[in-house]
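There are two complexes below, and they share chain A, which is joined by chain B in the first and by chain C in the second.
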Partner chain A sequence: MRIEEEDMATVKFLCDVERCIDCGGCVVACKEGHHVPVGVNRRRVITLKQGEPGEKSISVSCMHCADAPCIAVCPVDAIYQRTDGIVLVSKKTCIGCGYCFMACPFGAPQFPAGNVFGARGAMDKCTFCAGGPEENFSAEEKKLYGQNRIAEGKVPLCSGMCATKALLAGDADVVADVYRERVFKRGSGVNAWGWSRAYQK
Partner chain B sequence: MAGVANTWGYGAMTNSLNDIRHAKSMIFIGSNATEAHPVALQHILHAKEVNNAPLIVVDPRFTKLAAKSTDFVRIRPGSDGAFIMGLINAVITNGWQDKEFIRTRVSGYEEMAEVAAHYTPEIVEDITGIPASEVTRIAEMLATNRPTSLTWCMGGTQHSIGSSITRSFCILQLVLGNMGKSGGGTNIFRGHDNVQGATDMGVLADNLPAYYGLSDGAWKHWCKVWDVDYDWIVGRFPAKEWMNKKGFSLARWYEGVLNEEEIETPTPIKAMIQWGCGSNSNSQYNRVVKALNMLELLVIVDPFPTIAAAVTKTDNVYILPGASQYETSGSVTSTSRQIQWRHKVVDPVYDSKSDYQVMELLVNKLGFADEFYKNIKQTPEDITLELGSGSLTIGYNGQTPERIKKHLANWHTFDIDDLQAKGGPCDGDYYGMPWPCWTTEHPGTPILYDISKPVAEGGLPFRNRFGEERTYESSGRTENQLAAEGIYNPGSEVLGGYVEFKEVVPGTNWKTDLSQKTIKDAISRGMAPFGNARARCVVWNFPDKIPIHREPLHSPRPDLVAKYPTYEDKPNHFRVNTRYKSEQNPDLVKEYPYVITTGRMVEHMGGGAETRSNKYLAELQPEMYAEINPRLANNLGIRKGDMMIVESPEGSKIKVKAKLTPRVDEKTIFLPFHFAGTLMGESYVKDYPEGNAPFTVGDPANVVTNYGYDIVTQIQATKDGLCKVTRA
Partner chain C sequence: MQKSLRPVLLLIFFLVVGLATFVFAQEARLLSMLPEGSSSDYYHTLIGIITGEWQGYGQLFTTLQGQWFWKAFLIIITAVPGIFLLHYLIVGAKHFDHDGDQVFFFPRYTRVVHFFAAVSFSLLALTGLMMVLGAYLGGGALIRFARYVHIGAAMVFVLPAVLMLLMWFKDMLPQLHDISWMFMLGGYLSKEKKPVPAGKYNAGQKMYFWLATVGGVVMAYTGYIIWGMGTTNLDTVILYTIIHNVLGMVTLAFYFTHVYMVAFAIAGALDSMKTGYKCKEEVDILHSRYKY
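Up next is the complex of A and B:
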């Protein structure tokens, strides 16, 4: 039993910025697939230096941190981490205080939109398409968290949709191997980081 | 596409999206594939990363594709042809041309080279704004990284000289010897999956299905396929002569309604069906709206009520809820000429009906169901069979519904790199049997004009479509138009050029022999049914026989208008008089100083009726805007987020939000063309059927795109007009 647990994967997202083309496919796949309300962004694409040489885009969501600051600050222990590393929130426990929002370096925690004095409501964020604490595939789970594709043995919607395979999701070791292989292939010539500076090309 | 077809036979993408993985360099000109064809990017980035292929982007804007480029070249809108002729000249003057390829497979080269010689790097710099040193540098980059995959889209075609520009692209690839090769080719990306299929099926004003033209022979051929009496078809026209004349084109159909310009038609257009068409993708949109309101009958078939439904104030507009692609099935053709079966996911929702059902009800009501459905008992399989049996020109006859479905069911057996099935039930076939697929045993043609493979295995020479011999006007030289000795596909009976196959069955040729004996005879002899010829640099049936630069009708450079004037006016151009010389006023730039160009955003599609009705896409792109360079905006007193007025020389105006961005230079305004639903502050939201207005509306860009049409195809020139900009 213990050996199996140690063998279990730790899951991670990795967005390959050389590949991300800012198409928003990941964002729309997530929203459409989980019926996320307009205004709540479990994932978004950030573009830097738009319209200039060096323009780069990256798709960002909850990073499912190994040592997640949101878990550390949550006053009601609504946020928890599965053995595979996926960080989830229990919406029934969450009091909507927003501490996690302050603690998160990535702006991942989302709160339903309301009026100016509106209550924040329970926190919503990327579930790695793994649903929530409710029973797998239950109507309650679907209503509160959306699909549970991990329990179905599928990859998250966002990376499944990614047209350029920029957004990788899964076992961190496998993701790292895929990315490392890509970097090796890009390794020489025009695509290598620093090449143009080193050789004045 | 006319420019391409007139060069070597077919007007389609020559290689495939996947084949770009083999490119050693890539050049995109007038294509923002990142936003218009995001799925293709996986192959483009593969070539960039794995082959170290330079990715050259030539565009007036620093697009999202430019963000992924290794080399970005900013070009003045409308000067693409001059840049390419400059590249050709640089290649030739440096001796980088593929001499053997040109000697054996190209015609009219010397005459073309003489014209290209005018486009020195310095002259190109003056016309295009691209530094002379860049012209030579890019030419060298292409010469030293062969093969090059060349891609263009509407940025290359939507100009008054669009058909010349596309030919210059083809000639560049011929001179570099990049045709008929894996990793090379002219890879013209078409839009969503059935744009190529729609074109193939003759949704054009000058063609019957499969590019048969409008001659009596073409009509008789299709009458045989449809199994209807030719005289009965003739009887459907007011007079026989109209069968052979081009119709109004999509670009200017409204002139046939308005009846203000000089038009040539038995009667002005009174009724119209818009079937899956966003009317706001038409330039001169104010005139379009006027025409829509003058129609005696307008029928809109669409999953979403389009803007045409909202802007019409008359009572005679009918909206038929068409089903989406998920609610019906049938064959579709991709940009790579691949045919795929699309299965139905759900039955049509609410009151909607599939296109087949709508068509059937219409045909029954019009009373010619017996003729229409003679060969069609099972929909849609029999439709695919019928159209295939007649579309011999482009080899649609080998792709039976059974084979198409088998490919889809076994898609995992096909190789991502060369598209060929390795083992399994489709062993040896190329995915989707890219046309031409000559017989039901043929694997499809993944790369056009590739003489390294036998014809039976997907190889082809250039098509013999333009005779056997030609004397050029400019030089007086006579040249054989067939391929040279030693140029043939493996297994060919004739070891050199040969003419197209005819009279195998008396009175027919490979295009009209419905028994397909002619095609089979050619294949069995290792030869191409359409002959083995040279690709031509001189297109003697075009107004510019060799591509030259001509200034846009509305040019920002009066000095260049004098040097490179446009064409004479063209009466009866797709039935309507079209102004060129009389429209080109060199002083226009004084009052309208900025260049206006339009394009895609990744979130929205076409006229946007569908995508603006999706709340998540509307959330990502909620507003119409104009891209303006921060320096120009500051000079005009326009701050970020201000509303600004864009006015065209025709006097039409739109009010849009200013998006300050260095994507455009200081002389250019960019507008995305997907919006509609408001005009200068007036909203049409209330005019949509209740509850059916899109989530986001805005002023249509095409209200201010300028007058101007290609001299051959009449495609609208929306990429190189002029405008005036003020703060609202």
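Up next is the complex of A and C:
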């Protein structure tokens, strides 16, 4: 099934913390698939309570917020939102001021080193594998933003690669349905099967 | 026809209310089922690790930068010159006898330092404004270039700023008569040539001096942190960005005032910074307490 921008509702990422095992597959897939430069991480896995009961890992990247703070603060209007909710940046417009990084609650915007007085280069972040403002599948788009899998009708690399299917990506309604079904079957948080159930903690 | 519609409408009303009640009840049940350690709890902890307490400075910064800063700058660059234009048209410039006696006011060293400060500061103001209003200029290479000029000019400005602080420190200390100067707005509201209470520098110049030097140091330090970010705590960077913007607004307003005074309000005032001489009549009126 080919996903068109028009007939798609809103896209979302959802990381199921009961399933994420901190394998780093999403990070590697993203970095390798888009040839992201060293020092720039479009996605990362963060582990909370490491080594303690209740340890959980979450894979985070740009959340493609509905009301994105980065768009609000950008002084040159380099960041924009597609009708399907994907938030993209125009690297040719970006001046590397870093305001989006200050406004983002998820630390998503990344900055490669620029060349003048140690200035930040143009902002780089997760594109939901939807490329950028350049023409679809153009060499320019690939060079600046990486693959455009959404235009190919595929899910983002990270969630496609996820071994435990913890990282869900796609139409918000479908993602929510999948997650809701899981929660009803196995519970979530302290009610989920795991340490708490096993040891009554 | 209305009568036949009524039961249908009533039925729809009951259906909607019933459905809404059901949905609310379901949602409440679902929410009460959400235990501690739910995904939203994890996200809260997570955000704390990544960006600190975002609800604090992050939300504040988003509101300020998104809605207020550019508007405030826009108001400053239109309202301040607008007020001066009205002043120029209604009150007009002050003219003094430039052919009479001259008073040596600014030694060469002072003028050279002031020249470097003036050029670099003007560049800072211009490129800063270009960045704030970058969306109107299309962003991209032009605004990126403005950023590089901004930091270059900042590095140049630091030296004359420190030298100005040293050479004018004593003259610029506030005195009691500055209060009366401020109450009469330096006598600029009339063309009457009545001696104004001011020493070598008037209260307006003093305010601008402290803003440009001490404020300049604050701008330089906060700007340096904003430029580099690096290992600085993000909350601090956000706070510094807010300070940099607000102080920038105030300084910009004073910069416009300074430029208007020398270029328009007092005819021939710019010459004193080129030659070092002010005409005696001007000093007697505008700097009446200055002993030359």
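Remarks
Rule of thumb we're sticking to: the second predicted complex is superposed on the first by the 174 of 201 C-alpha atoms of A that agree within 3 Å, B and C clash if a C-alpha of one lies under 4 Å from a C-alpha of the other, contacts with A are read in each partner's own complex, and residues count from 1 in each chain.
One rule holds for everything that comes next: a residue touches a chain if its C-beta (ideal position, glycine included) is under 8 Å from a C-beta of that chain, and two chains touch if they have at least 3 such contacts.
Bear in mind that the values here come from a model prediction, so they are computed numbers and not experimental data.
With chain A as the common reference, the superposed partners chain B and chain C fit together side by side.
If you stand at the C-alpha centre of chain A, chain B and chain C are 140 degrees apart, rounded to the nearest 10.
Of the two partner chains, both chain B and chain C are touched by A:56. Of the two partner chains placed by the overlay, neither chain B nor chain C lies in contact with A:79. After overlaying the two complexes on the shared chain, residue contacts for A:17 are found with chain C alone; chain B is out of touch. Shared-chain residue A:169: touches no atom of chain B or chain C. Judged by the touch definition given at the top, the superposed model places A:185 against chain B, while chain C stays out of reach.
When the shared chain is aligned, no partner comes close enough to touch A:88: not chain B, not chain C. Judged by the touch definition given at the top, the superposed model places A:103 against chain C, while chain B stays out of reach. The wider contact with chain A, measured as residues touched, comes from C rather than the other of chain B and chain C. By the touch criterion defined above, A:150 reaches neither chain B nor chain C. When the two complexes are overlaid on their common chain A, residue A:123 makes contact with neither chain B nor chain C. After superposing the two complexes on chain A, the closest approach between C-alpha atoms of chain B and chain C comes to 14 Å. Touching of chain A by both chain B and chain C, each in its own complex, is seen for residues 56, 188-191. Interface residues of chain B, counted against chain A in their complex, comprise 34-35, 38-39, 41-42, 45, 48-50, 52, 54, 62, 64, 66-68, 70, 72, 602-603, 615-617, 619-620, 661-664. The touching residues of chain A, counted against chain B in their complex, run 18-19, 21-25, 27-28, 31-32, 38-39, 50-53, 55-57, 163-165, 182, 185-186, 188-191. Contact residues of chain A toward chain C in the complex are 16-17, 46, 48, 54, 56, 58, 60, 69, 72-78, 92-99, 101-107, 116-120, 188-191. Residues 33-39, 41-43, 45-47, 49-51, 54, 58, 61-62, 65-67, 70, 131-135, 137-140, 143-144, 146-148, 151-152, 226-229, 234, 237-238, 241 of chain C are the ones that touch chain A when the two sit in their complex.
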